[in-house]
Structures are given as structure tokens and as C-alpha cells.
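Heads up, the next two complexes both have chain A, just with different partners, chain B and then chain C.
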Partner chain A sequence: MKNVNRFGYLFIAPFWIIFLIFSIYPVALTFYYSFTNYSGSGPAEVVGLANYKRLLTDSYFVEAFFNTWKIWGINFALQIGLALVLALIFSDMRIKMRGLAFFRSIFYLPNLITISSVALLFGILLDWQHGSLNMILLKIGLISEPINWLNEPATAQLSVSLILTWMWFGHSFIVVMAGVSGISKDYYEAALIDGANRWQTFTKITIPLLKPILLYIMITSLIGGLQLFDLPMLLTDGIGSPDGSLNTMVLYLYNQAFKYNNYGYASAVAYGLFIITLIFSAMVFKGMYRNERKPRQV
Partner chain B sequence: MKKFLGILMSFILLAGVLAGCSGNSESAGSEKKDKDVDLKIWSFTDELKEPIKKFEEKNGVTVELTIVPIADYPTKLKPVLESGVGAPDVFTGEIAFLKQWVDAGYWENLSGDPYNVEEIKDKYVPYVFDLGKDQDGNVRALSWQTTPGGIFYKRSIAKEVLGTDDPAVVGKMMGSMDDVFQVAEKMKEKGYSMFPDEGSIRWFSHGQNPQPWVSEDGELNLTDEKIEFMDYAKKLRENSYTALAAEWSPSWFEAMDKPIKVKENGKEKETEVFSYVLPTWGLHSVLKTNVKESAGDWAVTNGPSPYFWGGTWLGVYHKSENKELAYDFVKMMTQDDEFLTEWAKETGDVLAYQPVTNKIKDDFSSEFLGGQNNYQFFLEQAKEIEPGIVTKYDQQLDTFYGNAVQQYVDGKKSKKDAIKEFYQKAQNAYPDLKVPKK
Partner chain C sequence: MLGKTAAEKEVQLSELTKQQPVVLPSENKRKTKSRISKSIIYILLSLLAVVCFIPFLKMLVNATRSNEAILAGFTLIPGTALLENYRTMMEYVNIWAGFKNSLIISVLVTILSGYFSALTAYGFAFYTFKGKNFLFVFMLVMMMVPGQLGLIGFYELSKNLGILDSYIPLIVPAIASPFVVFFLRQYVQTTLHPSLIEAARIDGASEFKIFHTVAIPIMMPAVATMSIFTFIGSWNNYIMPLVILFSPEKYTLPVLMGFLKGSQVAQNLGSMYLGIAISVVPIMIAFLFLSKYIVNSISAGSIKE
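What follows is the complex of A and B.
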């Protein structure tokens, strides 16, 4: 024991104190509240598993679950697709695209804008009667009637997906580029000599070697995507209009807690969300782990 | 030495952490030697800025005003009030959450000593005074304004289409919903839009029969009049009586001052909006701030039925350590002759404090409204207001119902399905409500 210097504990104490007060305590308290009918003020009565029972049969939560997946899924497919295409163009030895740094910052820029500004901007662009998008589409004759983008379930979800793609593809692009630059040029040169075409180098060299990177993007995006809240909150009336199509899980949680004052039930929703996130992250991780264990094919 | 240094460093770090945790409560109370701020006020609008300046000059104190946007206001304020850490001494409440807050007891009981506001009860417009009461009948918050509503319209259009711009005559022409539709038809013939959007008429949906959304024993009450509103809204849409400019949208504001382009059934038409359904504060904080060219061309008159919309109450936080000064501010805002006279003349706000209103109502005239005495008009309307219809559920239920009506007007749902969904949403948000199984 003489060799142990206990002052180390004192040095890490600040972190732990803050962590306990601001992270662990609220998480534990939320867990407790999920078994009560707490209404935000006054006493909380323990009601057992009633909140969780309600959660399992709550059609609005199920709707929110599928909405979240739909919005995130479309966004993720487009985002990763776009990032890969761009990475392919910029890394191609035969095209020798210039200005990578310039484009990288341009693509990343949307990510720096605060989400409320983004919502405001698109709220104006997508305006039914006076929005630029409808104006352009009408002028070039693609549509004959203005489309009420944020008032139709399908277009509202698509709008959110596309805005998210616009915001995030730059981020994915940077990560993918980092992964691509980590791949040895030897492979590509060898492929070039062997007469492989672009598609073959892409699918046989780039994609397999990028797998860990792609999985990383997928997990972070999934966790972020399941917590989708701000855009749906700000774009329409904040309760998931039109027709509940923008009702995401976290928006639902927020409304239950802060608008309807059902703090107890909202806590149960929070834990439901936590479990869902846990399950899907575990599934993705498992996929990654299995891939790592596979014997290398020659 | 090294050891000593280690201990010292650790304690400095720790002290920093602990100070960070308790800093707020200290600065709020005992540690007043720096005397930065005497009074803290929270509100959701900037309208208190001028009164605060006057209050500071008058009393030689420093007041800190925190403005939180209305959408975040309840969520930001509630934890502060619950814990008392960094809480304001005075805070305002909008009518949408007024009922919840007076019952929650965050505001000091003004009926008791040393405030005894019951003594000056007769000086207030009754409904304003009554709305600030909690479930036990104690006054918790006061307001300086009344917020009855009317229809603001453009005089030039009225003259052209209806032959007169006299508010009394125009008001008579809109004495019932059917009359309103007749005026709307005339407007349409000349290429004008009666209202900016279908939601405009929602305040008249109570008709002559205003009922609370939720009765005292917790029953959700969708009156026939409210259901009828769906048909009226649909009729407005189907007959193209509106400019399709949703409330608070950019085109809604734009249409106040000039004709806007509307695309309907593939055709583009230009239309000017005749009237906006707004309450007292709509004049000062909505119309005046958005209208440039047509200022002076407006007038206000009644619709088919009286209504009121919004209102700001304020009171003293029950844990405030400076209650005396806090109440002084409330007093200035709600009972000070000199200040209120000035305030009313400046803003056109219709006051709830009758000694002042009685003094100024006869020779009040608004330049923006072409010299009309809107004061007298609104005071007449205020008499009709029924305070008992405000419940703590109003804001959410109004949103849900507005949604249902929109679905029906857009033709996405039948009337029956829209109402059914409204009931489902209401039940989901408030599991304790008794919702009709229709």
C-alpha cells in the first residue's frame, strides 16, 4: 500500500462529482419517475409498471418509432451514398480532382448552421404559396399546382430527410475521405495494372477496406437519428403535423413531458427509447464483430 | 513539499467544483454586497422594457429583465420556480398557462397581507381580476390589460365594396356568421379576400355559447358550436374567401400591407385581404409593426360574437426575498394612475384598471385607425367576456382541434374521422380526461 499515491483520486474527483450530479443522478431519477405519475410539480405517486404497460400499447409511440426510422433511413441512404460518390470522385487517380480542401469545407458548412436557422430557412423555401422551391418547379413546368410540402405526410417526411442529408453528408464525406486516404495506393496501382475498371476498384478495394469506417458512420448516425427532434419540432407546429408524420420518438417524449405535463410517462418513454437504441446499436456492433472474425479471403 | 502541493491543488480544484454548484443560490440572496441587481423579472415579451426603465428611475434601483421566447418560457421557468435557484422576483404569465400557474402556487397570495388586493377589486375589469385567482379564490396574479377582440379591416376596401367605412355600420353587417359570409361573397366579387386564412374565424366558433374545453369534473366538451366551426372553415376554403395565408406565416404578415399572389387550382391571382381577426394587442404589436403604407386606413369593429384572446398577468414569486419591491413593480404596472395613463396613450393597450380607463376613454383616438376611438369599442366588448371558460388544457386542446379542422378543410379526413382523431389525441395527452366515446 505504501506505493499507492491516493492524491490521484483527488485529481479525478472533480470529473466524478460533476458526472454524478449531472449525469448519473438525473438518469437514476428518470428511472424512478418512470414508475410514478409525476406531473412536474407536487408529489409523485408510485404506480408500478403502468407507464411501461401503456408504452407497449401506445399507438402514438409506435407511430413515432416508424416515423423516426423512415426519416432516418432515407436520410442515411442518401447521405452515405452521396458521401461515397464524392469520395470516389475525389480519390480517383485517373480524374485527379482538385480543390479537395475547398469542397470539403463547402460540404461541411451546412453542419455549422444552427438548426433553428436551418428550420427557418427551409420553412421559407418550402412555403406553399410563396416558397422559392414551388416557384422554380412551377416556372419550369414540372408541377402545375403548388405542393404544400410541409402539409402532406409523405413530402413532409421527405423534406426532413433531405434537409438532414444536406446537413450531414459533408460530415460523412470527410470521414469517408479520411478512410480512403488511409488505404494504401499500392492496391489501386496494382488494380490499374491488372486492368480493373473503376467500378471494380470501388467495390473490390475501396468498399471492403472502408467497412469499419462505414460502420462507425452508421452507428453514430443511427444514435443521432433515433434522437431526431429539433427539425420536426421547428418545421411545423411542434406536435408532429401533418397527420402525425413528423412525430418522432424524442418529440413525443418532449411533448408528453413539457407540454402535457406527464413527466412520469415521459420518463418511461425515455427508457423505452434507451432500450431501442441499445438493441439496434448492439445489432450493428455484432455485425461489425462478425465481419472482423471472418477469415480473410485471398 | 510535493505532497503538500498535491493536496493544495486538489483542494483548489474541488473548491472550484463546489463553488460552481452553489454559486447561484448565493448570488440570489445573502451575498448582496455588490448590489448589482435589486429585482429580477422574467417575461416572454419585451414590452416590459420601458416600464422597467421608468421603475428604475422612480425608485433608484436596478432591475434585470430576462426575456425568454414564449415557446420555451414554461419549460425554462418551471424548474427555476420549483427549485428556487436563480428565480426571478416577478414573472409574467400568458393566459395559455396562467391557470396551471396560479394553482401551482408559484405566485404569492395577493389576497392576503400585506397586499390585500381584494380592497381594490372594484377598480378592475371583473374578468381580468377573476382570471388571476387560484382554485381557492385567492388572487395570485394581476394584469394591466384586457384583451377583448374585434375585426380589424381596411377602410378603403369597406368603402369600395360595402359603401361605408363606419365601424358601427360595418359591424352590423357582420352580426352573424351568415352575414359574415355575405360580406365575404361581396368581397370576392370585387377580387378581395375576406380573411387571410380559415383559422381567422375560430374565435367566433364559441358563438353565443362559450363553454370551457373541460368541465369541472374533467369531461372533455366539444360543443356543437365548435363542430359547426369545421363547416364554416370548409366553406371559407371552398368558396375561396381567403388568401390561404396561414396565421403568423410570412404571407400572413405581408398581406396586411399589400396585395399578395395566391395560387389556387393552377391559376395565380392577386388578392388583397380585407380584414384580420385580432384582439387589443394585435393593434400595437402585430398591425402597427407590420403595416407601413396602409396606416390610418384601418378601423376595428365587432364580429358575430364577442371573444378575447391572450393577455399577460404578473405576480410576485412566493419565495422572493424582495417581495416589497417586487410588489411595488406589480403595483406600478397595474394600479399607478400616472404610469398607466402614459402607457395607454403610448401603446393603445386597453387597460384593466378602471380609474384610468374611465379618465381616458372618452377622448381616446388612434391615428392608425383613422382617428377611431378603439378604447370605447373594446371596453364594450370586454363586458361580454366570460372568464370561466379558461382551463389549463386550452392551449394543447386548441392546437389539437385546430389540426383536426385543418385536416377536414384540406379534405384529408372526413368530419367524423377528424373529430375521432381529436378525441384520441386529447386522451393520449391527458389520460385522466373523460373523453366521449364517439
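What follows is the complex of A and C.
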């Protein structure tokens, strides 16, 4: 048979040409800029580690880091909690819920909508004077005067967290459900025969066997969360108001680069963000698998 | 969801034998109790569904109401100002143009990413060549790199190539989609048997013909799955078009929506709601028909064994 293996290069060539030009080169170029004082025009002067030194002492970046974590943390806890409760309900053999497909679709719907539309929609729904949320709350008497949701640091962050939860719990639910359906029914039947109650079945069978799925959700959500940008950008004035509480790391990066033309420093912010993402992903990995590596004690 | 399994029947049997002689009353009570708790769960689920849906409902209702009516108070009864709102909105932004731009970009991105990823995945799966493993691992490592990392370099590159404010930087990079390649390679390795390729070679088919007539049809289900992801991802992409595009007539829908916020339209809440509704409703309709496939593709994309 003739040698056809040289075709391998031909098949993967388009990918690699584009990949080198549009993915690898920009990443390398950003790396180079992170050591310069490049301002978008004119020559780029190498300044060594100055940008990284500035990054470590930049109170805005530190603030952005904690903002991002706060917003993501609340959202993730709610999102995964909700997804697990729903999975618990729909996977229970004893109550046999119907309508899984219907609820799954409804819960997932918010995730499909363009995030800028979501931001705009909630921007006016949460409006202080004319927003529907305040109008409803006033009407049913839960509050006596309108709450300025997007103008107080705490409520603004909470709003973003809740919007993110609204957008993402359906997605997590689908992924968790897919994981649950991959668990062999034998385990549940055995537990049923042994007289395990719902909670025991859930904590002793479902959760441990879902570990890889939960890890997957956690990592993807974390990476997505650390890159939070669109919502904070579009909900208020685009620079993190009120009081810097919606200033996330990527928003800071964007503004440094494209608003203030600090390309060099913004590149260092990008790499700082990357290192943070790597560290936390590694920590999640380790945390999830730490218990398994230890020899089991009887 | 599940039929009554043998084990469940067994449990009921064992319960019967345990609690001799007659167990019917307690059995009935248990059933009523579970029926009540089931109803409560359904009510809570429906409430959650309403919470998911009410922002959209509010949006649809307010899109038909005039600015004054919206300012006056909360209601779920539609108004009559739909046409007026539409006219006001169109005076400032042509939302359909954004729609068209987004559609062109997303469709091209989906096609390019689907075809070239299949090509690359096939190349990785069925040929042996020097550096193959290195290239594959390198690709996987690059997959972990977040998109923002190269953003500034990407912008500079586009500037130097003179393709800023065009669709090229938004479309062409789709040829290199590491995740899709990774997914398709896993898929094609398990579904396409090498003997099929051998047979085609013996029949005298060229390598590209084999790819197009044998491999592509077999890979199609996986390509379709990934296409849904790619399309949604491209459709919702905000930061890239925001950085690359400058001319309002070239804006994609997400960027146009951001533009809407800062424009005069924002003064008229009815028009604002209508603009958002126009950007949302087609997606909702598409989802109505495709929800099964979308849900399945999310499951397929996240569970790997």
C-alpha cells in the first residue's frame, strides 16, 4: 500500500496556519507587551517587570479580584445548590417526577439569550424609579420605598450574582442530570433494598459518583466567572460603578487597554488573570481529588 | 421517567410480607402523603419556571406599552403602543441590520469551524506522522488558555494586518477551534473503523474523497452537536466584536444592544423593551423547536468517558 501518511500534514495544515496566526501569535505578542510601556501607537519600550510590580500593588486590580470572587462565589453556591436540589428531585425513583424535559428547557432558556440583552433587560427592570422589580415590591408591600439596586455596592454585586444564577442554573442542572443518568440504576436499587432514605442515597451514592461532573462544572464556571465582563460592563457605566463594586478583572483589563490606552499594563493584567485562573483551577483539582489519593484507613 | 423496576416491586413485596397480615391502610396513607409532597414539589417547580420566565414576559408586555404607561405603574396587561415604539426605535438604530450581521458571522463561523475541525480531527485520528502527539498535546494545552489572554495581541495583529472593522478577525479564526477538534477526534476514533478507509482506498478513492464521502457523513452527528455550541458562542460573543468593530452599520447584535443603551432610545422605555424583545424572541422561537437537541448537545459536550 502506498504511503498516505503525508496527507496527515495536509489535513491539519489549515488548522495550524490559522492557529499560529490568530491564537498563538496574539498570546505571545501580549506576553511581549506585558514587559513594555506600549500605548497603542508609537514604539514599545521594554520596561522589564515594572508592569507586574505595579499589578501587585494596584489597589484597583486587587479590588477587582475580590469583586470578581464575591460575585462569582454567591452565584456559584446558589447555582450549584439549585441544580443539585433539582437533580435530587428528578432522579428520585420513589416520587417519579414527570415533565423533566419541559422544566429543563424552561430553566435553560435564560442561558441562550445574548448576555447584552440580558444586561439591558435587567438594567431597566432593576431601575430605581421606574423598574418593574421595585414597582412589584412596593405594590405587595414588601418594601416601603424603592431600593436603588444598581447604585449601592452591595445590592449591585448581589444583582449581578443573582442574574448570573438565573442564567446558569439551568445549564448546570442539565449537566448534573446527564451525570445522574450515567449512574447505574443498580446502586439505587441496592440502596432501596437496604432501606436507605433519600438523603442517604443522595449523599452516599449520587454526590460521590457525580464528583467528576461537579468538578467539570466548577472549573468551567470558575474560568467563566473569572472572565466576567459583559454584565458589569453593560449594567452601569462601564467602569465598575457604583463605587468600583462592579469592577471585575476583565473589565479592568478592557478599560486599561481600550479606554486609557495602557496596552503594556493591560497585557500584564491579562497574564495576571491567567496565572490566577491556573492557580485556582489547580486548587480545585487538588481539593476534589485529595481524599482519594490517601490510603484508606479501616 | 422510569418504569416500575423489578427491584421496586420486590421492595413492595417485602414490605407486604414484613407487615403481616393486612397493610392496606398504611399503604394508602403513604401514597396520599407522597401525592401531597409531589404536588408541593410541582408547585415549587412551576414557581421557579415562572421566575425564569417573568423577565421575558415583562419585556414582551412593556414592549407594547408607551413610555408614559410604563412610568405610571406595573401591569401584565399589554398596551397598544407597539407600532409607535417600533417607529421610535427604528429612527435611532436599525436592529435588523445587527441581526443580519450577527447571523452572517455566526453561520460562517459555524460552517468553517465544523468543516475544518472535522478535517483536522480526521488528520489526527487516521494518519501517523512525525510530531503528531506533540501537536495534539500542544493544542490541548492552548485550549486551557482563556480568550482574554491574547486579546491585546489579537487587536494589534488585526490592526497591523489592516483588518480592523471587518468581519475577517471574527470569522477566520474559527478555522482553528481546539475544543471542537478534540471532541470530533474522540468521536471519529470510536465510530469510524479504519477498515472502511482501507476499503475505500482499495476502490481507488483519493484521500480527500474518502474524507468527504466516508468520514464526513459518519462524523455528522458530532459536528451538528458542536455546531450548536459554536453558533450560540459566536452569537453571544460580545467582547471581540466590541473591540474589533467601529462602524455602527457593522455592529453585531450584542454590540448594537450595548449601543442602544447609550443612545436616545434609552429615554423611551417602551422602545427599549421592544429592541430587547426583537433580539430575544427569535432565539426563543428557535429554542422551542430545537430545545431537545440543544439540551442533548450540552449533555454530550460535558460528559466524556
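Criterion: the second predicted complex is superposed on the first by the 283 of 298 C-alpha atoms of A that agree within 3 Å, B and C clash if a C-alpha of one lies under 4 Å from a C-alpha of the other, contacts with A are read in each partner's own complex, and residues count from 1 in each chain.
To be clear about the criterion, contacts are C-beta pairs under 8 Å (C-beta built on N, C-alpha and C of every residue); 3 or more make two chains touch, one makes a residue touch a chain.
None of the values given here were measured: they were computed from a predicted structure.
Contact with both chain B and chain C is seen for A:Pro14 once the two complexes are overlaid on the shared chain.
When both complexes are overlaid on chain A, the residue A:Ala178 reaches chain C alone and has no touch with chain B. Counting the residues of chain A touched by each of chain B and chain C gives the higher count for C.
Residue contacts after overlaying the shared chain place A:Phe258 against chain B and chain C alike. Within the superposed three-chain model, A:Tyr60 lies in touch with chain B and out of touch with chain C [touch as defined at top].
By the document's definition of touching, neither partner reaches A:Ile275: not chain B, not chain C. Once the two complexes are laid over each other on the shared chain, residue contacts for A:Ala154 go to neither chain B nor chain C. When the two complexes are overlaid on their common chain A, residue A:Asp243 makes contact with chain B while staying clear of chain C.
When both complexes are overlaid on chain A, the residue A:Arg98 reaches chain C alone and has no touch with chain B.
When the shared chain is aligned, chain B and chain C each come close enough to touch A:His130.
Shared contact residues on chain A (touching chain B in one structure, chain C in the other): 5, 7, 10-11, 14, 18, 21, 124, 130, 258. For chain A in complex with chain C, the touching residues are 1, 4-12, 14-16, 18-19, 21-31, 33, 86, 89-90, 93-101, 103-110, 112-117, 119-125, 130, 132, 135-136, 139, 166, 170-171, 174-175, 177-179, 182, 185, 189, 192-193, 213, 216-217, 220, 223, 226-227, 229-230, 233-234, 250, 253-254, 257-258, 263, 266-267, 270-271, 273-274, 277, 281. Within the complex, the chain C residues that touch chain A are 1-2, 5, 7-8, 10-11, 14, 34, 37-38, 41-42, 45, 48-49, 51-53, 55-56, 58-59, 62, 70-71, 73-74, 116-117, 119-120, 122-124, 126-129, 132, 135, 139, 142, 144-157, 169, 172-173, 175-176, 178, 181, 201, 207, 211, 232, 235-236, 238-239, 243, 253-255, 257-258, 260-261, 269, 272-273, 275-276, 279-280, 283-284, 287, 291-292, 294-295, 298-299, 302-303, 305.
Touching chain A in their complex are the following residues of chain B: 3, 6-7, 9-11, 13-14, 16-17, 21, 71, 74-75, 78, 82, 100, 104, 244-245, 249-251, 254, 260-263, 265-266, 396, 399-400, 403, 406-407, 410, 412, 428-431.
By the touch criterion given at the top, residues 5, 7, 10-11, 13-14, 17-18, 21, 40-42, 54, 58, 60, 124, 127-130, 134, 138, 144-146, 151, 237-239, 241, 243, 255-256, 258-262, 265 of chain A touch chain B in their complex.
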